[in-house]
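All chains are identified by letter, namely A, B, C, D and E, in their written order; residue positions are counted from 1 within each chain.
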Amino acid sequence: MNKVQIDEILNKVNGIKITHKRKTRIRVDVDADSLPTLLELIKGRASYIHLSAITCVDWIADNQFELVYHVWSYEEKCLISAHTRIDRGSEKNPAKYISVYDLFKPADFFERDIFEMYGVTFIGSPRMEKFILTEWNGVPPMLKDFDAEAYVQETFKWTDYNPDWLQELTDQGGGIAVKPEDIRTAGNTHNMSTHRERDKAKAAAVKANDKMQGWKQ
Amino acid sequence: MKKELKIKQKERTNPLAHVFDDFIRFCQSKSLFMLHYCTGCGAIELPPAMTSRFDMERLGIQPMVTPRQADILLITGYVSIKTLKRVILTYEQMQSPKYVIGICSCTVNGGMYWQSYATAKKLNEYMPVDVYIAGCMPRPEAVMAGLQRLKDNIRNDKKEHKGSAWKDYFKRYDYYLGNQQALFGEDWQTPTDIIAEAKLYGLETEETYGKHTKLLEKHQTPLLPQEMRIK
Amino acid sequence: MNALHLMAELIFMPLIAFIVGMMMVLMMRKISARLQRRIGPPFFQPLYDIVKLYGKDTQISHGLIHDIGIIMAVGGYIGAEILLPVPGMEGIAAKGGVITLSYFLMIPSLGMALGVGQCANPNGSIGISRALTAMLAYDIPFILVVFGAAWHYQSTSLIGMIEYQQVHQWGIVEMPLLAIAGLFALQGMLGKQPFEIYIAPAEIATGPMVEMSGKYMGGLFVMQTFQLYTAGVLYASLFLGGGTSFLTLLPKAFLVVALPMSIAFMFPRYKTEDVIRILWKWPVMLGLISLAFIL
Amino acid sequence: MKKINYNDKGSILNPLKNLQFYARKPVTEPLGPRDASASYRGFHINDLNKCIGCSSCQKICDNAAITMVEVPSIKEDAAKGLRNLRPAIDYGRCCWCALCVDICPTSAIEMTREYVHTCDGDETDSYFIFPKETGIHGDSFEKGWTKTEDSDLLDRIRRPMGEMLSEARIDNFDEIVDGFTLEMAVQEASRCVDCGLCEDACPAHMHAPNYIRSIYEGNLEQAVEWMYETNPFSHVCGRVCTHICETACSLGHGEGESDPIAIRWLKRFAMDNVSKTKIKQIARKGKARKKSGKSIAVVGAGPAGLTAAFDLVKKGHKVTVYESLPKAGGMTRYGIPNYRLPEDRLDQDIEVIQSVGVDIKYNVKVGTDISMAQLYKDNHAVVMAIGLQMGRSTRIKGSDHKMVVKAVDLLRMIPKGDKVNVPKSAVVIGGGNVAMDIARSMARLQQQKYGEVNITLTALEQLGKTFLADDEEVKESLEEGISILDARGPKQCVIKNNKLVGLETVKVISIFDAQGRFAPKYDEEDLQFHQADMVIEAIGQMSDVSILGEELTEELEWNRGRIQIDENGHTSVEWLWSAGDMVKGPDVINAVADGHRVAKDIDRFLNK
Amino acid sequence: MRPENYQAVKLGDSNEYEIFIGPNHPGIEGNYAFRLMLDGDIVVSGKADAGYLHRGFEKLMEGRLWIQNLAIVPRICVPDPAPMEVAYSMAVEEIMGIEAPIRAQWIRTMQLELSRVAAHLFTFGGHAATTGMYTPMFWGVADRDLVLDLFEDFTGGRVYSIYNIPGGVRRELPPEFLQKLSNLLDYLESRQNDYDNLLFTNQVFVERAKGCGALTQSQALELSVTGPNLRACGLAYDVRRDDPYLVYDELEFDIPRQKHGDAYSRILVRRDELFQSIRILRQIIERLPSIKGKIRTPIPNPLSWNVRKGEAYARVESSKGELAYYVVSDGGDKPYRVHVRGPSSMHAVQTLEFLAKGARLEDVAQIMFSLDACPPEVDR
């Protein structure tokens, strides 16, 4: 099947945008409504029978989820990535979409995964239940608005090392200057000139010391 | 700082008791059954350590499949919270004296997954650890070195008190339970009655009890064996 | 033979069995090590294991029957040891004979079944049900072999059999087929691959042993030493002419044990029904043919 | 390869063939650790002398395993780019990926082949290590993973800067350096590892990592914004800055060929490519809405004065700058030749400063036109930033001849458009940048007038070792046909018939005495004569402090001929601050930094 | 402490009972669990229970710089980490529009094939152990260790090589390396007879493995089974040939396949693949010295690669099957989204559940190991 023929089949779907990225990759953008039609079409007409993966991307700025269905054809030796966007929903009204389990059995796994990690409910998927995150009670963790690092800092304690060499250095007036967490909390990894962090830390230390002094008095 | 804890110790009257104890300790150091629970990536370096190339059996260490028979619990790397529950269950089911070896960075300070929401960061908050082996993951030789260290510790336990970290679990149960509850929720319980066991060994101290054990009593349902299944 | 002498024998025979058995365990582990291209455990490893298991602080019992089960398992073998004559010591072998011995050899399995049943671990239960099935499988050829041997030597006493072989030729020369059948039964009795179905760690996490710990596990380890010893000495006595001294007996016994071990590490396990099929097919067939010759 | 057919039943005897392994030797390795491979990623070592504390390792560490600790016993030197921070590694996090090794600019941190570390349960402190030359346990192991040319993550080579050829540039004062193209600038900016050593080293603490980053992202306006936070003379500094930052740059510390990032050229690129109106907008950002009602007078419209004025105006004060010359810029205009700093660029900087609200009064000479006392009367504070406008003399024999001139005076004449007496041949005494400037300026004038260059430069210092002028300057001068005679001290100006014939020099043995004081020693035997129509002295400048007036001079405290100031530029007189070259020596960026300091202090003083 | 009151669970009135295999169980590969409903020895239904190895990989990767992710990617599948690195690097390269130098591509190919050899040697032992034969495991792991020695030689790490970097590889091969590799291949080939005798033509093993967990081709396609497991069902599909990457189109190799889709077919396919890998490696040994040049296209600014907006779906044939990385960049210095499609996520959940149904309890472990499922790929 050549490029023209596949385009012909794909063009039967309304509002489709086709990008031939390279020989074995075709990117297709469709509306959420017509995606099942598209999948049915390429599976039935063009031998795309292997569902390689379903990916969900959280475009939080657009308030949308992007669902990407990667479908491979053993005969054409070509991968179609079908992109569609759905509404991101809210906590009360989580995002919903149609399951493609009838077409592709492996969708069971991927849809359950997306359900767990993003909270998208797939209507018609056989097992919309927790699988990997059975011990997790928080929000779906893959959402961009879940700040895992903040959660970790809040939940866990770190080992408080105090080896001999550090004590020695502290006695000499040195010691820990910049902790790795400090540069990370500064936001991005850039804009984190070490000396500034150090100055900040020092200033904070001095402040704290002053406070202590104040209390003592 | 750990407080010095008073321990009610049973009196031994048999004059040969010490000789006997020493012999048993010697044998304990020479024969270790290892429950290797693949909690994480480090487990991949255990097969080499067990098999022909490095042959752990030379040290008298062999794998065992059930916790009841095992002496060593190897925590091979990161423990996700789901695994940690099972690890604690397993640990409590093991028979004293029992030893825990923390392998890889992850058991010390979170390791590679320090920013992961799904893994526990410090193993020694949840159970006493005897020996740590550094590496990500440590090579089989390092694992062997760690095991040798454990063996030495066990043999010299009487002098140096290094090979009996497991007693700490009973002595400071409240601390460990508190950390477990903080992570798993208040209604966390295991089917093993640690307090009864502590009483049995005469290892109960003031720190065995506390507000966390009270909480446990409140939430504890009677121990039924197959309830061991965790939701 | 006075009572004191007998008492001493009753103590020494199991003791010797225990010590030799431990060496056999060591040999087994060394064989596996050699075939797996490694060095293997140190010399005293079996002893360390047993002492350690008995020295555990925690000992979990699952009730009286559990305890009795283990006692039966070990006791059965101790009973078997004193029925098994060794050079210089006959114990009560003259009174018991090989038939009693083979009954004693069934006691451990039954004891295990009792003990494990009490643990209520599903894995254990599956394991023990498999073990009993396996017992059923290897007992048929075993009985055939014992029966054939007894018929051939015209004696049910092991002492008699050994004497017969000292005078005539070794049993293995006179009835090779039966000896081969005996080897099959031995493999099954020792529970080694390919008849290892009731241990099966990958399926039922070591089956009957799953809930055993501390001294109970130690009991099983002791039982294993006796088991190997019994199997070796019994077979040596039946087919290899026993021995006039330990120097002649023990090498034979060790050889007998080494043979199934060498095979064991080369094979996977059969499924339960295959175990029965194989054990009821070849050894029984061989045994019957052999019997036909003997009779 | 032997094929196995699925339908084969296999054989029960096949496995027994492996009983041959009774006869084969075990493959078990002896107990105890084996030697690891030559590139093994084992435990870290760190050469504390090579390490400069740039903390790149900390930044690239994906596991947040590296903590920078301060080691007081190590000397810190911001100007050289040396911090006393050293990495400490948390083996409770590390994954031995060796990215820290691969990024280390100085190849200080490396990995050994040591890999066994075990500890008891209560000894986790041993997991937090401070790598030194010896490994975690203090033993020496062979090195494992070290940086190779392939694994180096850093781009060591500076993007070449386009320049006019010497033939093309010798007869004019056009700017020599082409400047970066966008592509080159982004490439150059991409080399930055964001260590901030440059920022530490810069007297004005310009946010170099930030603007480099902005350039890398292609956001030049953002870059200019970062610059204007600390430096209103970005055009000037983008061209003629002494770029201490580049000396400090961690990339410059590398072994072998490793160039620092061209921070100066990047600054220049960003400034050149943002429109003037946009820059004005940016400069105005952060200006106080409310007028404070206080007024300040600044004497001297050089970088220091204007920077102080710029800052103070942004704080809402009223500032008047008094300049004796017809144009602002001070030494940047009247000391730096056009080929290095085109006038229109300087004009633009000044225009931007003026656009913020700085009022400059030209051709007003303080001391004659208006007295200091008057200034104080009219204003709440006065800043003296008059710079160094008088050349120093060698005071050798014959140096009072009219054809023995001072470099500053000559340099000032050229942009002013005054007629310069161009000699056929000239000798320049001095090895600093000013000497280079005058030599090269004169060379251009000679070329214009006579079509050939005949300039000799003599300096006390040795070329390539202690030479004061920038390497580029030396290189370019040589290209332009100037002959440089190093390690020669002036002996006397030879005057015959009241006419200058040339200069006699002697060989220098040493410049400083044992105490490090300036006391040159000469080898009087090694005498040379250089024929010249003009001798130009470029050995240093000094300040004309006569404008202060006697009263004030009395009142002020002095230190070796300079006004005594505290660290904020405050003199002993309450209302007088002093800034710039006149107190800190000749350097634009120092002057700017000084301006900021003074402005901050004045603001604090006025708001008291 | 003394749970004397143990009792068997009886579920309802049926004869079914439940057995929980895992997570700490020798019959489970890695840290995984499988809940079985049994009727006698027959499995009525099985349900996979994953998440024991969940680290939130994809979330972690979103929080790290592009370059920092290099260290974390191989950890997704521990027994076969090299394809993970390569797939990630390939995806990033595709987005950035750069290509690794030819020599780097050859070295990568070599690394992938070595990794496949190591992984297969590991699998044989695991598979054999589930049937009660431990010697192949001892042999296989020991022989795999020799491959790991080579990895240590040229990547500096035994298991996690962290050797690939978008743009190429991090280090040139050490001197004499190819000779060492060639010696190893000779050794492995000399071991072929031993393995054949012990395992592949062992009658008892053949009997156990034949017919165990049989999958027809259409079932396999429906369940998205890939890799050796699919080839054991008769479809010669291999990403290396059908969606070529690196230099596989210049190499000569066969794609082994079997028709029956059972455990024995699968292990035979793996055995054949092992030798195909050796064949590929021999070609690489021959060709590599003549391929000179750089091994890395440097990407400027290690702390913040300029990865332009875009996405890429990079597929690699790992020892387990089709491995894919879907990487999305929003132009920032960290990936916006990374999705890992581990081949085992298809094998260990739906396929295993499907095959377990109706199987004998004895076979469940064998089915799992014969699928060569790697739980961390499911959990991520």
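Just a few scattered comments:
Here is the rule we use: contacts are C-beta pairs under 8 Å (C-beta built on N, C-alpha and C of every residue); 3 or more make two chains touch, one makes a residue touch a chain.
Small disclaimer: the values here were computed from a predicted structure and weren't measured.
Any chain touching subunit D that also touches subunit E appears here: A, B, C. Shared contact partners of subunit A and subunit C, listed by label: B, D, E. Chains joined by the most contact pairs: D-E. Separating the CA-averaged centres of subunit C and subunit D is a span of 87 Å. As a whole-number value, the distance joining the C-alpha centres of subunit A and subunit E reads 24 Å. Centre-to-centre separation between subunit B and subunit E, using Cα means, comes to 32 Å. Subunit B has its Cα centroid 36 Å from the Cα centroid of subunit A. Annotation for subunit E: residues touching 2 or more other chains are 1, 6-7, 9, 25-26, 51, 54, 56, 59-60, 63, 65, 71-72, 135, 138-139, 142, 160, 198, 202, 204-205, 207, 303-304, 379. Residue positions of subunit D touching 2 or more other chains: 15, 18, 26-28, 36, 59, 61-65, 90, 92, 95-96, 124, 127, 194, 213. Shown for subunit A are the residues in touch with two or more other chains, namely 133-135, 141, 148-149, 159, 189-190.
By the definition given earlier, chain contacts exist for A-B, A-D, A-E, B-C, B-D, B-E, C-D, C-E, D-E. On subunit D, the positions that touch subunit C within their shared complex are 15-16, 18-19, 21-22, 24-28.
Interface of subunit A with subunit D (complex): residues 159, 161-166, 169, 172-181, 183-184, 189-196, 198. Contact residues of subunit A toward subunit E in the complex are 24-25, 49-53, 55, 57-58, 68, 70, 74, 77, 79, 81, 104-106, 108-109, 117, 131-135, 141-142, 148-149, 188-190.
Across the complex, subunit A is touched by residues 81-82, 85, 108-110, 114-118, 120-122, 125, 183-184, 231 of subunit B.
Of all residues in subunit D, those touching subunit E in their complex are 1-4, 6, 8-12, 14-15, 17-18, 27, 36-41, 56, 59-63, 95-99, 102-103, 111, 144-145, 148, 150-151, 153-155, 187, 189-194, 213, 216.
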